[in-house]
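Some notes on the structure that comes next.
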Amino acid sequence: MHSEQMSPDMKTCVDACLSAYSMCEETINHCLQQGGEYLDPALMRTLMDCADMTRMCADMCMRMSPMSKDICVMCAQACDMAAEACMRMKNDPQMEQCGQACRACAESCRSMSGIRA
Amino acid sequence: MHSEQMSPDMKTCVDACLSAYSMCEETINHCLQQGGEYLDPALMRTLMDCADMTRMCADMCMRMSPMSKDICVMCAQACDMAAEACMRMKNDPQMEQCGQACRACAESCRSMSGIRA
Amino acid sequence: MHSEQMSPDMKTCVDACLSAYSMCEETINHCLQQGGEYLDPALMRTLMDCADMTRMCADMCMRMSPMSKDICVMCAQACDMAAEACMRMKNDPQMEQCGQACRACAESCRSMSGIRA
Amino acid sequence: MHSEQMSPDMKTCVDACLSAYSMCEETINHCLQQGGEYLDPALMRTLMDCADMTRMCADMCMRMSPMSKDICVMCAQACDMAAEACMRMKNDPQMEQCGQACRACAESCRSMSGIRA
């Protein structure tokens, strides 16, 4: 029986989601350790939202869900919010790396959702 | 310090999501045990999507995420698709119960997203 | 075809897991809002661990996984740790309720794992 | 404030978990598409268990949970079961690749749990 494969673009998107997901989980831990301004509820929520959304987006793309395109759109939003929140914390390599992973994922998700439009 | 509480409507929505989530997980198991037409990839994907989406929607509402309203809209779609897929399997109480839980969750999510519009 | 059902005890355990899971998610949000001593990394990690573990335990029990018994043992540990951490925060109804849900889940998981030994 | 870092071994373990997790999710989709003997409930459950367990193990290691070592032990078991189940399906590159990712993750988790003993 024929098995439909993920397209290379989809695979790139899944990888970007999994990178952002693991960066966000690491960064949540980093924030807990840093304390102070890092424990701003808005920052923490944004990181938790982004971790959940990127993981679910990866799952749905991997299973070729009919909702993949829609979830990519929303995942890009969650990533943009997390990237912005990370970039606001200056001079912290962990936050910067996390911001970059989220930014890259947002772009990949947007291009994915456009391609399949 | 003041702690913002979930509204009663939000709590109802979270409960509806958690009911649909656990019904979908049970129903995935039921389909694996039934075999045959129950293992249609489209049906299985729809149940997996709905389980993931309702769980994430509950999580995001419980943490009062700024994306709650958007995820409620998408969750309602996933629930509608799952409810339809379940209702197509006739004379099976598990599928019927799951369809009803998904239908109820879709309505609750839609009303939630409207209230916060 | 015959469909194996969850036993009533297993259903009770799944419900206890889902209650503890949602209480932990709510309590994580409560801690973020309260700030101060509520943002102790050890407390937050314990709540996150317990939320993850109870959800996974519920999933594995619902799908009648061969590892259900083992995960129930570990879930009981995570619940005990979360209950203790919650109980340490005095005069806070949210923490108390969460502690009770975790305690009840630990007991249910332990009795589940014993029954299936 | 000092931020405790994951050890290189821990990072290797997290990466192995995330690889196994994404291979299992892809393989679940592959099985749905292949149908027939691929939809054996025991195989599907094993893949679902392994996907859940590897993801949670990665999460708990990334947040330096006190339960990391215990979950690594259990994760190695779930990976062994999934690897065996995959290897039983002959002449299928997807199953073989998934089996190898699970085998590698099992070894990494075992060495992790030993190091921290």
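For clarity, chains are labelled A, B, C and D in written order, and residue numbers in each chain start from 1.
In the analysis below, a contact is a pair of C-beta atoms (placed from the backbone, for glycine too) under 8 Å apart; a residue touches a chain by one contact, two chains touch by 3 or more.
Please read these numbers as outputs of a predicted model, since none were measured by experiment.
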### Task
For the copies chain A and chain B, give the interface type as same if over half of its residue numbers appear on both sides, and as different if under half do.
same
### Task
Report back the single chain whose CA centre is most distant from the CA centre of chain C.
A
### Query
With chain centres defined as C-alpha means, what is the inter-centre distance between chain B and chain C in Å?
21
### Centroid spacing, where centroids are CA-atom means, of chain C and chain D in whole angstrom
23
### Task
Could you put a whole-Å number on the gap between the CA centroids of chain A and chain C?
27
### Query
Residues of chain A that touch two or more other chains: which are they?
32-33, 35, 45, 59, 63-64
### Message
Can you tell me which positions in chain D touch chain C when the two form their complex?
### Response
45-46, 48-49, 52-53, 56, 59-60, 63-67, 70-71, 74, 77-78, 81
## Note on the structure
The chain D residues in contact with chain B across the complex are 32-33, 35, 39, 41, 44-45
### Message
Considering only the defined contacts, which chain D positions touch chain A in the complex?
### Response
1-4, 6, 14, 18, 22, 25-26, 28-30, 32-36, 55, 58-59, 62-64, 94
